[in-house]
Amino acid sequence: MTQTLTDNDALLIDGVALGSRLIMGTGGAPSLEGLEAALVASGTELTTVAMRRYAVHGEGNTAGANLFDLLVQNRIRVLPNTAGCFTAREALMTAELGREALETDWVKLEVIADEHTLLPDAVELVEATESLVNRGFKVFAYTNDDPVLALRLEQLGAAVVMPLGAPIGTGLGILNPHNIELIVSRASVPIILDAGIGTASDAALAMELGCDGVLLASAVTRAQDPVRMATAFRHAVIGGRLAAQAGRIPMRTHALASSAMEGRADF
Amino acid sequence: MTQTLTDNDALLIDGVALGSRLIMGTGGAPSLEGLEAALVASGTELTTVAMRRYAVHGEGNTAGANLFDLLVQNRIRVLPNTAGCFTAREALMTAELGREALETDWVKLEVIADEHTLLPDAVELVEATESLVNRGFKVFAYTNDDPVLALRLEQLGAAVVMPLGAPIGTGLGILNPHNIELIVSRASVPIILDAGIGTASDAALAMELGCDGVLLASAVTRAQDPVRMATAFRHAVIGGRLAAQAGRIPMRTHALASSAMEGRADF
Amino acid sequence: MTQTLTDNDALLIDGVALGSRLIMGTGGAPSLEGLEAALVASGTELTTVAMRRYAVHGEGNTAGANLFDLLVQNRIRVLPNTAGCFTAREALMTAELGREALETDWVKLEVIADEHTLLPDAVELVEATESLVNRGFKVFAYTNDDPVLALRLEQLGAAVVMPLGAPIGTGLGILNPHNIELIVSRASVPIILDAGIGTASDAALAMELGCDGVLLASAVTRAQDPVRMATAFRHAVIGGRLAAQAGRIPMRTHALASSAMEGRADF
Amino acid sequence: MTQTLTDNDALLIDGVALGSRLIMGTGGAPSLEGLEAALVASGTELTTVAMRRYAVHGEGNTAGANLFDLLVQNRIRVLPNTAGCFTAREALMTAELGREALETDWVKLEVIADEHTLLPDAVELVEATESLVNRGFKVFAYTNDDPVLALRLEQLGAAVVMPLGAPIGTGLGILNPHNIELIVSRASVPIILDAGIGTASDAALAMELGCDGVLLASAVTRAQDPVRMATAFRHAVIGGRLAAQAGRIPMRTHALASSAMEGRADF
């Protein structure tokens, strides 16, 4: 039943159809084996990899090679990210590195303001998005939840806009659902909620607010039982997506009987 | 994968193992066909039926007969409820009626204070629970979210305690998660959240708070697409349950990088 | 200006006009001097005193005598409470003790279910209210936030109904504003929010929800600077009351310029 | 008592001590008389005036002249704002106009992205702040609630940073208290919450989060009784400020008796 309902509901990005709207990152995983099991359990078809970490090891990077083998085997597409970059310039260099090494022009653009908040820097982000788009990248722009900035990034050519729910790693969920709803209501490109997710209901809520997908990493990799939590998120994202499509009952201030005492056909 | 994870996670009530922790009521459904499709999509193995409505039609109740045929065919167990009762006395009579007609000593006990709020009446509820337990019923006690009353109902012998998230039919979700958590933390019988659920994330949250199940009706039957919404809730309850078991990351005030820039094994 | 606005806005209870809608209890105060300063700063004209503690010392209770002298000097009326009672019977005895010792038939009725949650016991509370009313007491009934119970207490003759915002001493504020609003909307007697208040905005919110007053103790007595916090609450209760009367702007999903660019008289 | 507590708690901006931490704007007022009464009731010593509206009428602007007479008589300082500007360029021109007309180098900088959300445009705001600071203005920068942008504006030389609670005119309060707290914790210049305030408790909360002041207009001017609402906000801001200083009790998950049954000195 579910199959039928969701089969034609792929997430389309740059002509690619992703069967899962849950995108799981690789950050925070304690081991490669654990990571693989969690990725598979999540059902994700796309994962982020930090180019900074990858690059450190250069040519003979066995661990990195193993990770990519794993992803190929599980048919999980790679989305290189620019984690650890503080300026547009750094992000450009890191993105080029990712394109060359991984043979993809997809890039998750992260330009962070400082090490304490790890929040995106709006000004550098705008500059980096513009440059990357000009160089032919498909930019997945990680941003704060400012509706103005989100729209600006789309107008600059971002393929996907990724507002945060809360600062990364906090697990605080979606601090400002009003902003996320506003972002979604004005977007023509996919909106993927990224950062802040702590548990399944957060992910379901993101989808109910109209997001096209959810990206998370440490909520799974740092959970006590990552495989179980990955499975939880897989269900939650599907559930939230279906709920968004199903037309929920309106909120009411006053009670309404489900079993009306009269006036309804009885069966 | 999910199969394996959830296979042994049945909800045990009175020696019966229910494979689904989502319990879907029949109230508010516009047609028998629509109801059947939604029940099946929800995956529920237990459903509530209002004895009041059933009883009106007496022996030759074709609609009622059709409903029960439907439930038998889909192997869905019936939980008669006492919807529409305002006193312990009325509830007792209605419960006896249900036991006789449906040959089950399970009963969802509803004793409502008034037609406007449709909220449970604590005093009548206590009295009715005591009486029904004494008469051998397995009482599923529908109650407000008062942790004291919830524990009292268990002590009086209720088989299941069912606190509300919000007034019935409002779709406001869980107005006081703190109370639900407190109820769960002190309970030895199953706690099933009942009433108030509006959308998938509400159901996931209920499970994350530690509830053993979720009961809802109009959130599905009155949604624009009941089958899709039933499917949404099925996933949300599974997702919330798994998340509750998986040990979520703690909430943090400050950010924490998922891709640490040093000090971690790289792969 | 404020004076004019609030002068005729006394809280009427049992024919007595209280000039302040903030009622401050005496619990949790580390010293008599500190307590006096905080009470005066709060502007309260009514305070609760636990009869249990008072009674322990019997006739020669110097500390108790000093407290009452202090209250008389500051023209603060005493409201004996039944803190520490777990049954209707205990509460009756304690109330009688208070009436005799303090020569008042006002009593704040507390019947607590257990020492861990300190939450009111609905069933014992109903019984105790009925008995105390029959014996001529003016009952200030401390209750949970169940709208059904609140109305029942009024119908049984309670002079004031005092729902909690959150469990006592938690400082969690008002966990379920929806319930408080519902209680207020159906009440004919004063509703005073009691327990759970942590800070000034909580008290303002209580008044905005329509409460007639706020009772608190440890939020002041256990603050780092009790006098300053008492003053904070005094302002917050006045502010919240005025806001409730002033007719706030409606909440809107979309922005609305305060400085419209056209169509308004310019000055 | 309050007097003593608050006398030395002036808000210092650019060497000027403001006795009130509530700043009330003039937007949305239906009449000059009503506005004056509300301003006086609010206790504000600083008010914003939209230069756009003022400028329209040019030299013979009687209405404008009357407004300024009123402010002079009531000793309320004027803060010209750049409401209605969509680019840094427009804002600069409007600011210069205000400086010349009102003989003040204070300016509230508003650079709005579009007419629908009325949200600040981060990129233009940064540019405009830099230019205005270079030209010797004291910039009160109206911004979204992005902690990164707030700090950047301070670093560019803004005298005051004014994050929004919610989109202007919505009355939704403070949608993301976490961000406001983060902004405050890193700021060395005054933080004044601006936009979104609907009622007294919102203003108290802003102060409790650590803001140095609150700016609002339509929450007063569009209330049913503006004078009463202005008085409400005056109390709420004082109350919130005192509460922030007084050291509130911590939030606790579990109850704590205010009247401990043993172990405390009795009085």
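Per-chain numbering from 1; labels A, B, C and D assigned in written order.
In the analysis below, a contact is a pair of C-beta atoms (placed from the backbone, for glycine too) under 8 Å apart; a residue touches a chain by one contact, two chains touch by 3 or more.
Which chain is which protein? Per UniProt: A, B, C, D = Thiazole synthase.
All values reported here derive from a predicted model rather than from experimental measurement.
Undergrad: Shared touching chains for subunit C (Thiazole synthase) and subunit D (Thiazole synthase)?
TA: Touching subunit C (Thiazole synthase) as well as subunit D (Thiazole synthase), we find no chain at all.
Undergrad: Using the touch definition from the top, what's the fewest steps needed to get from subunit B (Thiazole synthase) to subunit D (Thiazole synthase)?
TA: The least step count works out to 2.
Undergrad: What chain lies farthest away from subunit B (Thiazole synthase) once each centre is taken as the mean of the Cα atoms?
TA: D
Undergrad: Subunit B (Thiazole synthase) and subunit A (Thiazole synthase) are one sequence twice: same or different residues at the contact, by the over-half rule?
TA: The interface is built from the same residue numbers on each side, given that over half of them are used by both copies.
Undergrad: Between subunit A (Thiazole synthase) and subunit D (Thiazole synthase), what's the gap in Å when you average each chain's C-alpha atoms?
TA: Centre-to-centre distance between subunit A (Thiazole synthase) and subunit D (Thiazole synthase): 36 Å.
Undergrad: Measure off the straight-line distance from the CA centroid of subunit A (Thiazole synthase) to the CA centroid of subunit B (Thiazole synthase), and report it in whole Å.
TA: Whole-Å distance between the two chain centres: 32.
Undergrad: Approximately how many whole Å separate the CA-defined centres of subunit A (Thiazole synthase) and subunit C (Thiazole synthase)?
TA: That gives a centre separation of 47 Å.
Undergrad: Please output the residue numbers of subunit D (Thiazole synthase) that touch at least 2 other chains, ranges allowed.
TA: 117, 119, 172, 178, 253
Undergrad: Under the touch definition given earlier, write down the residues of subunit C (Thiazole synthase) that touch subunit B (Thiazole synthase) in their complex.
TA: On the subunit C (Thiazole synthase) side, the touching residues are 113-114, 117, 119-123, 126, 144, 146-149, 151-152, 166, 172, 175-176, 178-179, 182.
Undergrad: Quick check: in the complex, which residue numbers of subunit D (Thiazole synthase) touch subunit C (Thiazole synthase)?
TA: 1-2, 5, 25-28, 30-32, 35, 40-41, 50, 52-54, 56-57, 61, 63-64, 66-67, 81, 83-84, 116-119, 167-172, 198-205, 207-208, 217-219, 221-229, 231-236, 238-243, 245-261, 264-267
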